[in-house]
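As structure tokens, the structure follows; a few thoughts come after it.
A, B, C, D and E are the chain letters, set down in written order, and residue numbers restart from 1 in every chain.
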Amino acid sequence: MINDKNSQKIVDHIHNFARKHSLWVLAYGTGCGAIEIPPTMTSRYDAERLGVRGAATPRQADLLLITGYLTTKTLKRVIRVYEQMQDPKYVIGFGSCTINGGMYYDSYNTINALDRYLPVDVYINGCMPRPEAVIAGFTKLQELITAGKADGAAKYKEKLEWYRKNQKNVIPNWTMPEYNW
Amino acid sequence: MDQVKFDISLIEYGFFISAILVIMIGLYGAMVKKSLIKIVIGLSILESGVNLLLITIAYVQGGTAPIFSPGLLKDMPLTVENIKALGAGMVDPVPQALVLTAIVIGFGVTAVALALVIRLYRHHHTLVIDEIKNLKW
Amino acid sequence: MESLLYSILGVLVSLILAFTVGMTYMGLSRKITARIQNRIGPPFYQNFIDAMKLYSKSTGIHHGVMHHLGPAFIMVTSVMSLMIIPILNDSAFFTNMNFHGDLIFLLYIMTFGPLGMALGAGQTGNPNSAIGVTRGLSQMVGFEIPWVMAIIALMIRYDTSSIVDIMNIQADAGRWIMFSSPFTFIAALLAMLGMFRYSPFDIVGAPTELASGPMSENGGKYLFTMMSSSSIFAFAKLTLYVNLFMGGADNLLVLIIKTFALYMVPLLYGTVSPRYRTEQAVRYFWGWPSFFGLLAILYAVFF
Amino acid sequence: MNSIVIIFLIFLAGAVLTYIGQRLSNILGSSLFLLTIFAATAQFYLRVNTGDIFSFSLNGLEMEWGITPISWLFSLIVLGLGSMAAVYSISAMKAKERLGYFYFNFIMGIFSMMGILLSRDLVSFFIFWEIMTWSSYMIVIYEGRSVQKVGIKYFLFSAIGAYAMLMAIVIIYSQVHSVLIEDLVYSFSSFTLAYKIWLPILLLTGFGVKAGMMPLHVWAPGAYSHSPMAYSSLFSGALSKMGVYGMVLVFSMLITQIPEHLLIREVIAWLGALTAAIGTLWAIAQDDAKKLLAYSSVAQLGYIITGVAVGTELAMLAAIFLAVLHALFKGTLFMVVGAIEKQTGTTNLTEVTGLIRKMPWTFIAALMSIIALAGIPPLGGFVGKWMLYEALIASDHYILVVLIFFASTAGFLYCYKFLFGFFLGQEEKEWAHVKEAPATMVVPMLIFSVLLFVLGTFPGLLLKPIDIGMQELGYAASEGHYWTMSVLFNEYGNAIMLQPILYAIIAIFLFFLVFLTAKAFKGTRYVSTKDISSSGEVPGEFENLSFKENFFQPFLRAVEPVMKRQIDWYYTLVGNGMEALFNFVRRVYTGNGQTYAIYAIVFLVILLLLKSNLFG
Amino acid sequence: MVGSPVLFVAIPLLTAFLIPLFAYIWKELVRIIPGIVILYLLVLSVSLYGQVLREGTIVEQIAGWAPPWGINLVFSPFTGLLSTLMLFMAFIIWMYSYRFKNIDFEPSKKYFILLLMLVTGSIGIVLTGDIFNQFVFIEIMSISGYGLTAFYVGRDSAEASFKYLIMGSISSMFLLLAIILIYSQLGTLNMADIASKAHLMKPEFKILALIFFILGLGIEAEIFPLNGWAPDVYSQAPGPIGAAFSGIVVKAGIYALIRVIYTLFDVEGSLQFLVIIGMITLIIAEMAAIRQDKIKRMLAYSSIGQMGLVLVAFGIGTHEGVFAALFLMVSHALIKPLLFLSGSYLVFNSTEKSIKELNGLGKFMPLTSFLFALGAIAIVGLPPLSGFWAKWSVLTAAANSGMLLVIGLVLAISIVEIVYYFRVVNRIYFFKKEESVVPKIPTINAKFAMVILAVIIVAIGFYPDLITSYLHEASETLLDKGNYIQNILSVAQQVTQ
């Protein structure tokens, strides 16, 4: 009965509902975007009413926030954190820097397109995005989850080699353990 | 033997006092003098003093030498009473015997002491007793 | 046989009840905190959603058997406490395994959970977990002192070590122990602040400093187990306090009202408090709360 | 020949033969060693019945050897732990030097303990007591130079205790003109009041030293932690119980006859509780597992002493029950440390880490005994502690309960430290090579673990013989009476049966273990302990991520005022003062011959001056 | 009669002077003859002792003069026990020193002459019934003691010997003074006679005489302020002589003191004085012992302390007390020589003789070290060795007399004893050997001598009844003053009738 496709669908639906309304965020304060997180969470905008809540460790988190530009040095940590998160997991790119490098587009040690290294589910545009935009991003992600389209993690597994190649290109001395998920 | 009663006269006090004085001198020598030789001399004097005291005790006023010769007995019969009566007039012989023994012993001790002094001098190159204190505490 | 089934059913119901009520209280606490902070806050059922989500995580990791068993340990503790604590006065349905002397048993059982969980946290190899555990255990030693003093004062005063007896005594006297033995209640209440690990005493799982301490390696189902067990445990503790000090409850509604009222104490105290360091917390518990505990014992001995 | 004598002969001959055999060949020595202990054990349990008596006369003293139920009970500890520790020590001591010496003293240790238990008179009691002291002393100093201070300290305190005891025995002999214990008990009531108070105090000092009672415990941590672990298990498990045994005798036979007995009882009970509390605090502060266990032993013995001292039926029952259990779990724990020391070469909790996957059986044994130690149901420690609490509350020792409860809660801290330090935490590359200890070491530990479990669930198995023993000591009534006194048993009737409450606990435990987590266990994946969330950093292979140093620093900060000074410090102060005094006094021997001569004269003068005071 | 008590004095004295003659026959005889003589005397003593136990005290008159005029030797169960013990110790010491240090012919000649004289003196002290005779024997013993102490040239032996000599001279002075006093008052030198007439003495003279005796004999018995010489002598004399001092000489000194106090006078308070002075001696000696760094000095202080304890036991004054004292004497006479004998091989090749040099010798000299350890364990009174029973008897005796303070102090001091003995034993077994020390394996005869002692110690420890009956007999004899007087003076009556 459980294996039945329809009932699985129902279960998925319930699960997705739960996932959608309970987004535990690991806010990786990589860049200046980190400053936008506190107003988002506190009284003025109160993201918690959407079920968004900070998580202390990647093991507990569902959502990785890449808040701003990523240096190659930080990228390594971000990849590590991402890989430690449990499925299902989502990534939100924060600000222009994650999309095309933003104002650091020609810097020697920041990456330009986050998507080449990690599967980003939602981008939030702006430099910096205001809390309203961030909340809009969360809502967008929730929509995607409901629709079952927030499948970045699956994509990452699928195209792991490609991602790895890109990652290794920018990260010298690759010492990370193999992705074991 | 009955308890011997002594009639202590002034002269005997003199003997006692002098004997004790000798002992004191000996003790003084043995305890205050720093030279080993003087200490040995002190000890010798001490011996002599004690011997003198011993002899003094045995002294009987006007007594004779404690020798029983046939002449002494004369015509008296040889009874216990007579012998006792005779003996009362004699100096007590036992302390004299003791003193003889003690003198011999004292001699021996002095000899050993002097030998030791020689050994000590060879070893320490001094005769001052205060400096011969390798063994202490 | 029938009665056995009946009591098993009762246990299951009380379990579900504890889970539900506990979760709701947790959710409400988030809501209340949010309102105090002038936020809207999550809906009161947010915790159910969170639990659901955690349970629906499709992958999970463990660092070894002990890590895996850790949440189970704490769950066992919670359920065991719940089984022993009578839920309602003279209820035929909730025939819990309360027995004569269960107070002492409870004292032990309640300390067992943290230890079991500590073992689990230990095996993760995450230094943060271990640090959290040491803090947690230290605090436990702290608040156990006033707590045990309060319990002993109760035992002396009412000459029993059974919760049911104490409930009956209150029912007979028509007066809550809260009022008849105020010192005992104060000591126990202050100890409860530590038991709940709410704000001044929440350094154990400091989210930023220790990455949530003992549970930093737990995600998904483990976290779910811990969350639900802590809700159950919270309910059990509140019920115990209600039983001991507030005369128990005749029906579920009264129970819920009383427990909720009691629950507000650590919650509200927490929302307005900063955080104690561990040694400060320990010393705090050995200060006034223990003094009240001592007073309670003296009071019980002499009056 | 009397079978008691035969046992003693087996021990003595076995000890000597083992020593000789060990010189000839390793295997011969080890097998003789085991043979001796097992032969004696078998002889004891098969041939000796309670009530057997062997009496003889020595040096004009009537002496008697025999066995009473209470000593039979303690013999379980001695021989049970002794034989297991013997098996354990074969592997544990492999490739060590001076094995003959070790075996000899090991056998002598067991021999003397059996002697203590079988003695029915005070002199042979004392003789065996002293044999026990020096045989254990010999093993304490087994490691050599580094431990000689520890050894002297141990021996010194043992001697203080033993001489206090000897003084009591001598006084008793002068009063009773017999050294038989029964005569003492019979005529104790006719003693003067001063004797009635001082004799138990002297005896208790003697026993208190061995039992590690508060101001006399300072030898224990060093001695327990520095002897080879194979012996430490016996040392802490059985040898210290001899002190408890003596205390049980004193409290049940003598103190009950004192009208003002309450004060002694209170003082000793308080000392016991303080021992428990302070011992626990110091155990928490230790970084070395041996030291930790040693202080923990001190603390655990504190509970037992308290129980014995309070001396109500239930308290006594609890204390003896705890004594047996302490032998089991502390024996196991010392064995665990020994196994770890053998496999890793160190017992420092800050160095060794993450052995759980390498030494799983050892871990299980350690876990079981820690659970028992901490007094968590369903293992035996819980039953004992519960009875103790009840007894204390029932006899109005409220503050003691708090103190003991504090000790036992704080005990969790070091329990956790022990388990975490060795078995949990990061699995470092440094210890990757470690293998499980040999079977002969693991099996005794596991046997004890199983025993702990059995005694926790079937406490009646042990309570029954304790009950018989206590009736011998003059405690009243039947088993039912005792057991209804304890709330643990009354509702659920026959204590021999498995307790329903414990049934329930185990059932729930299994339920969650199996149904809730077994499936989940499959669904989750094992990752190494290096793969932890550490801010995205990838720890290197040799990067130390263990949290070991200052493990309980916050807690220790909180209790700092209590732990400012060890009692050792005061003893050292006294000791140094004494040595300085002695050093001063011996300067009367100036080394100058003349001075001696002057002394003679001065002495003369003094005698002359005091002659009327001194003579006639 | 198997032999006469006179032989105990005559034979060794004679042999001592004949040894140079024997040397002309065969040099080895110098070593063998003393052994044979001592062995003969030992056998004689044992058989006489057996006879005495069966038939009562033997009183031997010398040169036919009956007591109180003549000198007499008394072989009672008490003196017999002591003389047997002393001869046994002498035999052990002879056996041990047969090849000690491979001494040359000339020194060994002197050594054995002096040793025999020492034995003569000691046995004479015990057996004689005449105070002046006792004085002479004391002097014989002392003079041979001076000689033996200064036996080695290389050490500070002369210094020790000189101190001994000074004290010895003072001792003899006081003895003579005491004798003078007694003689002047009672006109007799026979002990039994003095004892029977002691009540006739003026009390002040009696006490003065007693004080002089205490001073004179106290120097030999090593009571507190008079024992400054003892540690020096023990430590500087050759090892076996240290053993002889602790096993023979001191015992003789104690005997003499006890004889004076128990038999000669019955001054009230003298027993109490014994307890006090014994206690002081014990305490101060053990205090000094704990801080020693020379092994033999430590043993010496320990020996002094033990003697203090013996005096305490004698001071208890009851039968049990005397029994305990005797037990302690016997036990100490066995154990302390064992310590000296094994200890002197342990520091055989070292010049300093310090405790440090014992480090780690357990591996190199297993037997010797073991015996030393055994001795140490025995002397601190750990069961099941003989020391325990000795201590037990002392304590019970004290307890029966209600001297609880004594018990406490003795036990407290025992703890001090434990500390310093175990420090040494630990060093032997568990320390690293000093580079400079060259271990010396004992010769076979020395090993044999030590093992005999050890075996006896263990045997007594396991079965004290081996000796207790003799000790009881002996203590009864000592306490039965009337019988002593009667035994001796009845001889006189037989002669006069």
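Definition applied: a contact is a pair of C-beta atoms (placed from the backbone, for glycine too) under 8 Å apart; a residue touches a chain by one contact, two chains touch by 3 or more.
Since this is a predicted model, take the numbers as computed values, not measurements.
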Chains in contact with chain B and with chain D: which ones?
E
So which one's got more C-beta contacts, A-C or D-E?
D-E
Would you mind checking which chain's C-alpha centre is most distant from the centre of chain B?
A
Ranking chains by how close their C-alpha centroid sits to the total C-alpha centroid puts first chain D
Once you find the CA centre of chain D and the CA centre of chain E, what distance in Å lies between them?
44
Using mean C-alpha positions as chain centres, tell me how far chain B is from chain E in Å, no decimals.
29
Just curious, how far off is chain E from chain C if you go by their C-alpha centres, in Å?
79
How many angstrom lie between the centres of chain B and chain C, each centre taken as the mean Cα position?
101
Could you list the positions in chain C whose residues touch two or more of the other chains?
59-61, 211, 216-217, 220
Note the residues in chain A that touch 2 or more other chains, in rising order.
57, 59, 181
Multi-chain touching residues of chain B, meaning two or more other chains, are 30, 39, 132, 134-135, 137
Each pair of chains that touch: what are they?
A-C, A-D, B-D, B-E, C-D, D-E
How about chain D: which of its residues touch chain E in the complex?
57-60, 123, 126-127, 130-131, 133-134, 141, 144-145, 147-148, 151-152, 155-156, 159-160, 163-164, 166-167, 170-171, 173-174, 579, 581-583, 585-586, 588-591, 593-597, 599-600, 602-604, 607-608, 611, 614-616
Going by the contact rule at the top, pick out the chain E residues touching chain D in the complex.
159, 162-163, 166-167, 170, 174, 203, 207-208, 210-211, 214-215, 218-219, 225-226, 228-229, 231-232, 267-270, 272-273, 284, 287-288, 290-291, 377, 382-384, 388-389, 392-393, 395-396, 398-400, 402, 404, 407-408, 411-412, 414-416, 418-419, 422-423, 426-427, 429-432, 463-465, 468
If you look only at chain A, which of its residues touch chain D in the complex?
28, 57-59, 76-78, 80-81, 84, 175-177, 180-181
Across the complex, what residues on chain C touch chain D?
59-66, 68-69, 71-72, 75-76, 79-80, 83, 97, 99-101, 104-105, 107-109, 111-112, 114-115, 118-119, 122-127, 130-131, 133-135, 137-138, 140-142, 144-145, 148-149, 152, 155-156, 161, 211, 216-217, 220-221, 225, 277-279, 282-283, 286, 293, 297, 301
Can you list the residues on chain D that touch chain B in the complex?
586-587, 589-594, 597-598, 601
